[in-house]
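Chain nomenclature is as follows: A, B and C, assigned in order of appearance, with residue numbering initiated at 1 for each chain independently.
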Amino acid sequence: MTSYIIERLLSVVPVILVVAVAVFFIVHLSPGEPASVILGPNASQGDIEALKTELGHDRPIHEQFFTWIGNTITGDLGESIYAHDSVLSVFSTYFIPTLSLTILAQIIAVLIAIPIGIFAAVRRGSLIDQSLMGFSLLGISVPSFLLGLFFILIFSVQLQWFPVAGFEPLNSGLWTHIKSLILPAIALSLAQAALLVRMTRSSMLEVLPNSYIKTARSKGLKEQTVIYKHALRNAFVVILEIIGQTFSSLIAGAVVIEFVFNIPGLGQLIVNSVERRDFPVIQGTVLLIAVAYVFINLIIDLLYGVVDPRVRLGRKKEG
Amino acid sequence: MKVKKILFIIFILVISAVSLVACSDTDATNDNEATEGAEGKGKTEIRIAYDTIPPTLDPHMSTATGTFDFATQIFEPLFAIDSKYNPQPMLAESHMVSEDGKTITITLRQGVTFHNGDEMRAEDVVASMKRWQEISVLGRGHLGDASFEANGDYEVILQLAEPNPLIINTLSNPQQFAAIMPKEVIESATADGVTEYIGTGPYMVEEWVDTQSLHLKKYEDYVALDTPSDGLSGTKKASVDDIYIDIVTDETIRFSGLQTGEYDIAMRLSYDNAEQMKSDSSIKTFVEPFGFQGLFFNKREGIFADNTARKAVNATLNMEEILTAAYVSEEYYVANHSIVTPDQELWYSDAGSDQYNQKDPEKAKKLLEEFGYNGEEVTILASREYPAHYQAALVIQSQLEDIGMNINLEVYDWATLLEHREDPGAWDIFISGFNFEPLPTDAVYLHSKNEYAGWSESAEIDRLVEEIQQSESQEEASQLFSELQAEVWDYLPFILFGHHKPLIAMQSNIEGFEVDYSMVLWNIEKQ
Amino acid sequence: MEQIVKETNFQSLQKEMKAAQRKLAIRRMLRNKLAMTGFLILLIAMIITVTAPFITAHDPLQAEPLERLQAPSAEHLFGTDNLGRDLFSRVIYGIQESMIVGFSVTFVTALLGIIIGLYSAYYSGLDHVLMRINDGLMAFPSILLAIAIMAVLGPRTENVVIALSIVYTPLVARVVRSSTLTIKEQTYIEALRSIGARSMRIIWGHIAPNMISPLIVQATFIFAMAIINEAMLSFLGAGIPAPNPSLGNILYDGKNVITTAWWMTVFPGIAIILITLGLNMFGDGLRDILDPHSKKGK
């Protein structure tokens, strides 16, 4: 087990390196640089060049890369050019709304999806099952940002139940904070829920005919107990897998949803930083997201190993 | 049973995350209650929804609108403009110019204190002015070899290499303005700006959250002038205790925040909301000319290196159409040819207006023929970050296509456009806008030495700009400026479409809000 | 000599089996309502793509500032946008743009994915390098990667195709690679190798044909994701360059006037949903038909 963990940990290193190299060169090869943004529209080219030199952005690109990667390895992601604050602290400020949004969306998705998935599996082939599957297909087909726009149209513009954008930060109260995130979280969760319904249903279908379920039934346990106690447990592993696999797509969805609802989260941080060419922030944020993604998958892989020793070296090589 | 373990681990993780969130939450709520308790009654506050993110609050650093709009409330210069854009003393008491015009002695006001409590002295002024001279566009352009020196605590001597009768106008320029800050703040500044925002203005920075919000607090020890308030000069009342400026880049949200009463003032709203505002008696609007918009030619490479080709474009343009696309209705634009506003009485002139808004496609086609246009592709750059630029570009495209030009419209984000426009091989026209310059010759796009994108090469324009700087009297300067404006409309380094008026709206109980180049918040009263 | 005979015999047998399978698949397909409905929607979208100039009365780029933001009417079926352009024409041309981008991305992705997947499964040295790059690319949230690539390349339609292809190729490569790994172990491939058949021939003549059905299923989902992501990119202002009509561009313009002009959000929105729904139904149906044993869901 230990050697497996070490092997998996080592396999993460090249992935993160690829991400680091890619993000650095993407950022530095794109046109536009912070000096001209800082100086504003009336600056002349001479002023821009002078500031570029002062900021050290005129050094050869490989030199800048090695400085950055060197600092990054020691845990120093640098400082935002604009905020006079470390990238890490800027990141954590903007991460809270995104995290709240993602967690809330995930919870809503699980709450909707698991019961529906089980229900559909139990009533396999019935009209209800078919229409539920139809709805879930629809759910997968509606991009979350579009759903967000439709929600604004319906609930804010027509019914006026919610303000067009009423984001409340965490420090104005947990409940107020969550309440202000409900609409965007629902928009974000529906596609996720649709996916989970299908996963739950198919994994339930796999285990329901199994011998131990039959045994449980024959022992005279109630049908509900059989389903919830025995079958659901197995479905849970699948859910775990989905949470890991969809983490990056949820974050990606959150980025766009934040843009729709004007929530100051990672999406806004990235959009603002790209607009102002805040190089250290873009690099640091993308790298941190990628690292989080890789590690969440790693943890899920390891948990798999705990659940089922057979998967340890075989199938998860690819993950 | 291992599944149970996992369930347990997840349960723990969720619980700890929730409790973490909950803990930080209770702390914050307590803080809020504490401050509310301390404030008590009688305190007034206003909330403003602001439209763009300032790159910095350091006025020496940036020419951006966001920067001077915010910094003007916090910092003060030696001289500030009045509502006619003429210089008046602010932190300076008076100034004297020597016989040869090269030595300017500036006497400072006594008893003016910074937000940190220290009195402003000559050494602070010298340190600030030296930094401004080094890093600002105007400082570098006009004070190249000049020196500042302290003479005692309340006198600063500015030694110029050449006489410059208009130097006080330049020092009062409100854009990248010559703010006075404490010497220590200047000394600890880094390449990307000062690290503390300490000025002498009527409001001090309580909290600045980059890209999010600025909380300004009334500076209790502010020493006001006794001259009447006029533009950015004169007395400043500061009758509101707290000003919260939220940066809300989405115009829909600025507007809905104003409707719900969350904001007292909303800056630069979409003209599409104007009708809704008119029918709402609790909201009033503030609409005044702010600047101009125009297209800038690439005079170094491509077909517009030739004056005839530029004249063909100018002959074509129908300004009402362009301005309507950009600013919706005549309420929000003035079809005017001048780079200064009619309010700048000392400068305003009709010269060049005969060349403006010709809408004569037949004449344009003849000029194109004369030039020998052969279907060369014309690349127009515009940014969607400024919807008015982009909307104007679309109309210009269709007008130029009507006279047979081959147009390629490229739309970028603003930072990318800034980079592309420095490459003479990449474009022919870009769309931009400018504020009115209090001293028109300070405009970066006039003199060729500024190397402003588009690269003018007109000896005549350069000569006139220099002569205006050196003119002995305002009459002479005004006369020369009139010639300059005629020359601009003949050489056509750019074509101006007209003046625009941003739509600012506020609750009807707000009085005293002004925009004189930058926002003026110190005379606001909430009824 | 004998070896060649054996091989041809085997091949002709394989071909017959394939033909029979295909017939069966087509028959199943015709009976599958889901797939047929999806196919019908796609067919309509394709017809719109081809006939766009004939079914629109207005130029989608012609701005009429004086007729801005008009509600749907007989003259303008879907109303006009914030520059007074006819929204019906813009949505029709937007569908065209989406379909072209979706198709191009799917084509490029399938081609690159199959090459990378096959070769990295076949040569383990190559595998290490390619799969690490693959993992690296997949560790980016897809939309962020696409935004970043667009920032480098600049806003052009071709670049949207390039950016989305870079995002999705790793996905296809991974699917191809893992099925190749399974097929590689099968006895007849082992046999071919042992009789000295050339690698090129094994890869393209024997392994690749087996990829076709999973690849077709995968392709329909890539098509749907490409359309969604193109819309998202353009909605964020980093996709198809304005003023070209694209469904995402219309939504971008519509967002600023959402309180006054619902039609600018609703019509392009419904168009996106219908196309992706059609693709997903078609893909789901196809999977049931071509690969009846696979799990539902993605």
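Keep in mind that, in the parts below, contacts are C-beta pairs under 8 Å (C-beta built on N, C-alpha and C of every residue); 3 or more make two chains touch, one makes a residue touch a chain.
On a predicted model such as this, the values are computed, not experimentally measured, just so you know.
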- Query: Between B-C and A-B, which chain pair is linked by more C-beta pairs in contact?
  - Reply: A-B
- Query: Taking each chain's centre as the average of its Cα atoms, which chain lies closest to the overall Cα centroid?
  - Reply: A
- Centre-to-centre distance between subunit C and subunit A (centres being mean Cα positions), rounded to whole Å: 23
- So, what's the distance in Å between the C-alpha centres of subunit C and subunit B? 46
- Item | Separation of mean Cα positions, subunit B and subunit A [Å, integer] | 38
- Message: Two or more other chains touching the same residue: where does that happen in subunit C?
- Response: 151, 154, 255, 258-259
- Using the touch rule from the top of the page, what residues of subunit B touch 2 or more other chains? 250, 252, 256, 413, 416
- Query: At which residue positions does subunit A touch at least two other chains?
  - Reply: 30-31, 164, 274
- As the complex stands, subunit A meets subunit C at residues 14-19, 22-23, 26-27, 29-31, 133, 137-138, 140-143, 145-146, 149-150, 152-153, 157, 164, 195, 198-199, 201-203, 248-249, 251-252, 255-256, 259-260, 270-271, 274, 286, 289-290, 293-294, 318
- Note on the structure: Note: in the complex, subunit B contacts subunit A through residues 2-3, 5-7, 9-10, 17, 21-22, 24-25, 28-29, 31-32, 53, 55-56, 61-65, 67, 135, 137, 140, 175-176, 191-193, 195, 210-212, 248, 250, 252-253, 256-257, 260, 262, 385, 413-416, 418-420, 422, 432-434, 444, 450-453
- What does subunit A use to touch subunit B in their complex? 30-33, 36-47, 50-51, 54-55, 80-85, 90, 100, 103, 156, 163-165, 170-174, 177, 233-234, 236-237, 240, 262, 264, 268, 272, 274-277, 303, 306-307
- Query: Where on subunit C does subunit B make contact in their complex?
  - Reply: 62-63, 65-66, 68-69, 82-83, 151, 154-155, 237, 241-243, 255-260
- Message: If we count contacts the way the header does, which residues on subunit B are in touch with subunit C in the complex?
- Response: 250-252, 255-256, 270, 272-273, 276, 321, 324-325, 328, 384, 387, 390-391, 394-395, 398, 409-413, 416
